Amino acid sequence: MSFADEELTKEKVFRDPVHNYIYVENKIILDLIDTPEFQRLRRIKQLGTTSLIFHGAEHTRFGHSLGVYEITRRICNLFQRNYPSKRPDDGLWNDNQRPVALCAALLHDIGHGPYSHTFEHIFHTNHEQITTQIITSPDTNINKILKRVSPDFPKQVASVIDHTYPNQQVVQLISSQIDADRMDYLQRDAYYTGTNYGKFDLERILRVMRPYKNGITFEISGMHAVEDYILSRFQMYLQIYFHPVSRAMEAILEHLLKRANVLYKNDQPDDSATPFMLLPFFNHSFNLKQYLALDDGVLTTYFAQWRNNSDKILSDLAARFLDRRPLKSVIYSVDTESLLPKLRDLIQTAGFNQDYYTAVNDSYNLPYDTYNPQVAKSQTQIELMQPNGDLVELSQLSTLVAAVSGKTAGDQRFFFPQEMLSRNQSIEIFEPIYEEFQHYINNNHIINHH
Amino acid sequence: MSFADEELTKEKVFRDPVHNYIYVENKIILDLIDTPEFQRLRRIKQLGTTSLIFHGAEHTRFGHSLGVYEITRRICNLFQRNYPSKRPDDGLWNDNQRPVALCAALLHDIGHGPYSHTFEHIFHTNHEQITTQIITSPDTNINKILKRVSPDFPKQVASVIDHTYPNQQVVQLISSQIDADRMDYLQRDAYYTGTNYGKFDLERILRVMRPYKNGITFEISGMHAVEDYILSRFQMYLQIYFHPVSRAMEAILEHLLKRANVLYKNDQPDDSATPFMLLPFFNHSFNLKQYLALDDGVLTTYFAQWRNNSDKILSDLAARFLDRRPLKSVIYSVDTESLLPKLRDLIQTAGFNQDYYTAVNDSYNLPYDTYNPQVAKSQTQIELMQPNGDLVELSQLSTLVAAVSGKTAGDQRFFFPQEMLSRNQSIEIFEPIYEEFQHYINNNHIINHH
Amino acid sequence: MSFADEELTKEKVFRDPVHNYIYVENKIILDLIDTPEFQRLRRIKQLGTTSLIFHGAEHTRFGHSLGVYEITRRICNLFQRNYPSKRPDDGLWNDNQRPVALCAALLHDIGHGPYSHTFEHIFHTNHEQITTQIITSPDTNINKILKRVSPDFPKQVASVIDHTYPNQQVVQLISSQIDADRMDYLQRDAYYTGTNYGKFDLERILRVMRPYKNGITFEISGMHAVEDYILSRFQMYLQIYFHPVSRAMEAILEHLLKRANVLYKNDQPDDSATPFMLLPFFNHSFNLKQYLALDDGVLTTYFAQWRNNSDKILSDLAARFLDRRPLKSVIYSVDTESLLPKLRDLIQTAGFNQDYYTAVNDSYNLPYDTYNPQVAKSQTQIELMQPNGDLVELSQLSTLVAAVSGKTAGDQRFFFPQEMLSRNQSIEIFEPIYEEFQHYINNNHIINHH
Amino acid sequence: MSFADEELTKEKVFRDPVHNYIYVENKIILDLIDTPEFQRLRRIKQLGTTSLIFHGAEHTRFGHSLGVYEITRRICNLFQRNYPSKRPDDGLWNDNQRPVALCAALLHDIGHGPYSHTFEHIFHTNHEQITTQIITSPDTNINKILKRVSPDFPKQVASVIDHTYPNQQVVQLISSQIDADRMDYLQRDAYYTGTNYGKFDLERILRVMRPYKNGITFEISGMHAVEDYILSRFQMYLQIYFHPVSRAMEAILEHLLKRANVLYKNDQPDDSATPFMLLPFFNHSFNLKQYLALDDGVLTTYFAQWRNNSDKILSDLAARFLDRRPLKSVIYSVDTESLLPKLRDLIQTAGFNQDYYTAVNDSYNLPYDTYNPQVAKSQTQIELMQPNGDLVELSQLSTLVAAVSGKTAGDQRFFFPQEMLSRNQSIEIFEPIYEEFQHYINNNHIINHH
């Protein structure tokens, strides 16, 4: 049985606020969506702690995964219609690549767990490896369905996701500077946060995209749409993804999991408050089934139990996370970095364990860069095709992109308890400490006094 | 200290995809939002199982509550500017009603728990009573903050929500045929499902709304906007809220909780799979703190554990819910209702316990009706104010509303396992039963054969 | 040379605010758009005097014509993909109908002139006949281009527009209760007026549309989208197209052209103020070239000259039109119709020639009706296709449509100079007349006193 | 009588697709809108020839003028609420500036005529001077209404528009790098063209705007919204306002008017084809009444007559404009500029008068710049207010704005008849000339061969 054999006689549609409708035309795709592994994505928020700042953005990885699939499907349709390959190696689109492209698009995030970034940091899991496992392990429903296409189809799908698949057109559809993944999440996150920044002309970009021998390029007539996409992406990073309060909530989450890890790693009691579903992760010995049982709700359920834990740090951090009481933050620079130990000491003196109540985090984004062989993991650069077929790198033609190319933006911040900024607490024993601390803070920056 | 004393020198804004920004101008409101009781609403989905059909609609009661507050705030501003009361009983707006209106708007859903409708049905909780408790119990943070306004302010706020507050303008702002609650959820649910049906001209309706002696009325010039609202609401009911698959998932949820209740009511073991946070509810003896610890994630965490339970019905229903495998349904009528016992027997014979694998559900909506003293809980009718000040009931003037007034729409459905519709299962022992069952089904209806 | 021979190697796109992009894939279509006859539609507003009330709605018949073409193109694509005919008379879509469908869609309004409705009324022109002429007359560029397809192609295109074309699928695409024409103008007029009423789910309707033996039907799964379209259309009529001030401006326009006709019909001077481009129409003897030279700007240019005309009625009406000074209006009924002569006399006594300063106009819309052989020109009813292939008429299934089916809505109005409503003009000789007039007016209605 | 005396008891609203509603609260404003001078703006397109490329953009200066008024009104409301002046010279907002601000906003474009830019170039009119005249001349209705406020009120309004009004807050509201004029036209032109580029977060910008001693500044918390505005503006210039085909149509218009000027300047016949309403402009001797009689329709009416003129250049250019047959264009640089005389000669040899069939045009935009005293008419720079009240210039804080600050973008183009690009015209006498011409063109650029 092949992919084509499983065409649905009548397509199935999913209403989607970003793409209006998502069209499923094949039973393989429908069955993949209906697996427990995929349905589980409904319980994992796309933006993690960001939803605590942009309350509209409570959407999950489920809708995003459908969206990436849908964009990929539309691109396949356009490629097949406008650039169908006629002979091997003509650099055009061979539609027998469609099944692997669609499945890789749909499944690219299947290995994500709750609050992935932070979770992975503490428990040394790796969502990319797990994605590969879910796709290739014979125990998953995903794998069984994919094998209906062919025995080695799961491996092909996994290889697209880890970039080792030979056809670079397919790889770049799913992962490049302008890929279906990014195009979906920018539009989707903009829609749900209620900001306008992430919006760009998706229909236009899809129209000017075209396959060529080494991957994907764009017709020069679409340059402005590509420019607009670059700027949208950049603005989303600065304004949404790097929001300081979101990073502050992430710091609390990280410290909370770190504290739990310390407490439970060696001592795993068996009472009503034991986080049984997390124990394998404290032990750093978990299997796929245990991983797939996790979701956002499992974590917050344990946090709710930890509220009442006898460990004061654990219970306090759990409450701060659930009740959304972020740390405060200030920007520091190379000039003021040397003050951090002093500030941490003041915080410790004020009664906060500095290991759990302070943090640093830097978030920088490079809006666009040309290919740089010096740099590890240099991104593929964006190239435009001229009327005569020649390719030109984007920043050669766009004043706007040239202006931002190679320029990073972002900041590095020091996080600490909001209590340190208290004022007028006249009977407060810690007042002198707070005052000294505040002496180093001005206009949201750490400042030197010398 | 009064409400006015706590005006913020600088308003705080929340980005909202529906209202663009939500403006908080008073520290009381900000502090209410920052309570654990209110933050908990971030973990309770607005539409429950509907998000399993409209995957975009994963928004929670948190954003909705802010939205109802914001609409109420805008109405207060318009009323204060255009219809300020000048002497007692002039039927205009007295802005000292603003604090109670804003707080009631913000807190009207504070007592909701996870999957409220179903949960209440099984465990006999009541979110309206709990709302009152959260507001008036001296143990909650909400209550403490409200008391900063005045000692009896919590009771006033609660009385708006239960409709006993003397000022009918305030009561109708929060609860009437066109109130801030409905106006927010129609717009919000439309936005998140990605359907257009719920959209109406909110700005226009707010502009033509006006206070009068007995509540809220609308200037006749806004009749078309009101018409459009009535139709939007009606279409949302038929197309979103009554979606048969959503009702099918609710049936599974209800049966799952019913089964758990049966299993745990009398026998509450103390092992790693015990749903400790739910035990008080199986016992029908819970306190407010225990109720406030619940959220969607707590339920699904226990469902995940129940997947592995030795009770086959519990584990199967838990998996069906988490993996989104709905029951199928068909419409029945007074003529075919008598066939239900026969169909239930066939289902039982095919191996499904009919108490847990079949259900009936009827969903009907009345788009609009005039006031009817015969009917218990008759809705306040909508009245329009003519240029000369006379009030006319809406359906007297609107051909469209007259056409739908008093006409209900909806259906009643019988739910059963999808397996009953199987075909071509040649070695299947149950095939004759399936065939007999299918004999009674045509075009999504139960049919008679006589 | 056939239509297929003129496929463009690269499609040409037009940015469109309603459909995002309009795709032209064939040189015939591109060349039709580039004719003087079609470009002239850029100078004829879609909504005539309505733009004087909804100032945003200044769009022309050019964009609408492209929109109807685009919707038709999308339907052809969907029909060709989902319902391709396999043998004659299988009731499915034969894609060799595409050229005639696309050209008829693009050209269906090509015969419209400036302020068509009013212009035709005074000058006895007929835009439908002229459409046929433009398409079939060998003198036009349109005709020359169409003949590149085949010698009788122009006649075929014309026959689609006048409903005599044998293939009812094509005819109903362009003209039926849900056709490409209406679907475009509802969306477009809603967009440009800035109202929400005309919005419906176009993508969904296109998806559920399907060809059958006798025309076009809709899958039953799309019923709600069809319902929503019916209601949108109805609301657009009541709120936009029948707006009383728009009808008042039309009354002025009609009287202005009537006055000019009276003045110039017999006496056509040759001086700088002579409306040379209109003379053939005063004479009721014009050729196609003269008709095609007219546009909105030609009329308003003459109106600007007539401002200074020695005929007081002509100059006053011209100024009222250009400066947007509408007549006032009130609703009358069968009961109060008998008062109109009395009111007209009062107006005449107050110094206004009643032939030029009063008018009556009734505007009624029937939102939907079933087929009625009794009624001349009864509309094709809308039919839905059930899973088993049977057709059911819409109002049999939709409570909402049943409620409005066969019910007309609208009003009849009497128009008169705003001066008649003057008050407090103490030295005004006409005051007693005004007072008497106003005695018959209450709450925007004519009232009886007996 | 003062402005305040003319408050309307009930505000009047205009439905607007960009701002939803425009609120008129004062009879002065309503009466200004109802003047012939202002209603005339309904007949002058906002974007001139751009509507020939973006067909959706047929909106007029009427809606834009209302929009600038509305934005200004909202700013006045916010300033009055949040920053009301308490004593002279406290740098806050004095609401007695509202009347002059609102009237200047509404009337800032009142002097515009049809296709202003081109018209002024040929006929040496000046819309800014005419704006002042319309406001201050005792003959206009505008002036009479403004004088109801006070005898010198018209002069004050005019002085805001020409920047000489003493209160810089009012001047900068109407004219600065982020003013009500630009904010309206960017949003409006984006809406009507159907492009997304011009959209920015207007509500946010208005919220962070604030008055200070020397004009208008922005709170630092709104930096990202200001950034986004700068980029939106820049993209609108590059993609919409500088569109090469729009510039090509403008070149035709300019040559057409130039030709008419040459023909009619000295020889003004009195026959049916004489452009009587333009004669005063050929004579460079016109009065205000004659100017106010012009609109887009008057020009195109004469163009329609000129189609049949015996002068071949006049008739050909008129047809090219009406039928939208643009010149082609290529980019040239300092290196290839020297080839222009050669190319013009070839065009002349091919039978096209080079004075009327070729043109050059450069369009460059500077997205943002800091204040530069070296530069004539240097723009006011944008400054942000920090928490402590200090002002910082935008590009000091924004990586993105710093990257584009002081960098111009755009191109210079040479325009010529499309015929010069003909191919395969085998019997064509001019073929060798065309070939030679094409030899200098590659990838839309002029190229050197040496």
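Per-chain numbering from 1; labels A, B, C and D assigned in written order.
One rule holds for everything that comes next: a residue touches a chain if its C-beta (ideal position, glycine included) is under 8 Å from a C-beta of that chain, and two chains touch if they have at least 3 such contacts.
Model, not experiment: these values are computed from the prediction.
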| item | value |
| --- | --- |
| Label of the chain whose CA centroid is most distant from the centroid of chain C | A |
| Contact-richer chain pair [A-D vs C-D] | C-D |
| Chain C and chain D, separation of their C-alpha mean positions in angstrom | 32 |
| Distance between the centres, which are taken as Cα means, of chain D and chain A, whole angstrom | 43 |
| Of all residues in chain A, the ones touching two or more other chains | 20, 195 |
| Residues of chain D defined as touching chain B within the complex | 13, 20-21, 203-204, 207 |
| Chain C residues within the chain B interface of the complex | 195-197, 199-201, 224, 227-228, 231, 234-235, 238-239, 386-388, 399-400, 403-404, 407, 409, 442-444 |
| Complex contacts: residues of chain A adjacent to chain B | 14-18, 20, 34-36, 39-40, 42-43, 51-52, 54-56, 58-60, 62-63, 66, 191-195, 270, 272, 274, 276-277, 293, 295-301, 304-305, 319, 322-325 |
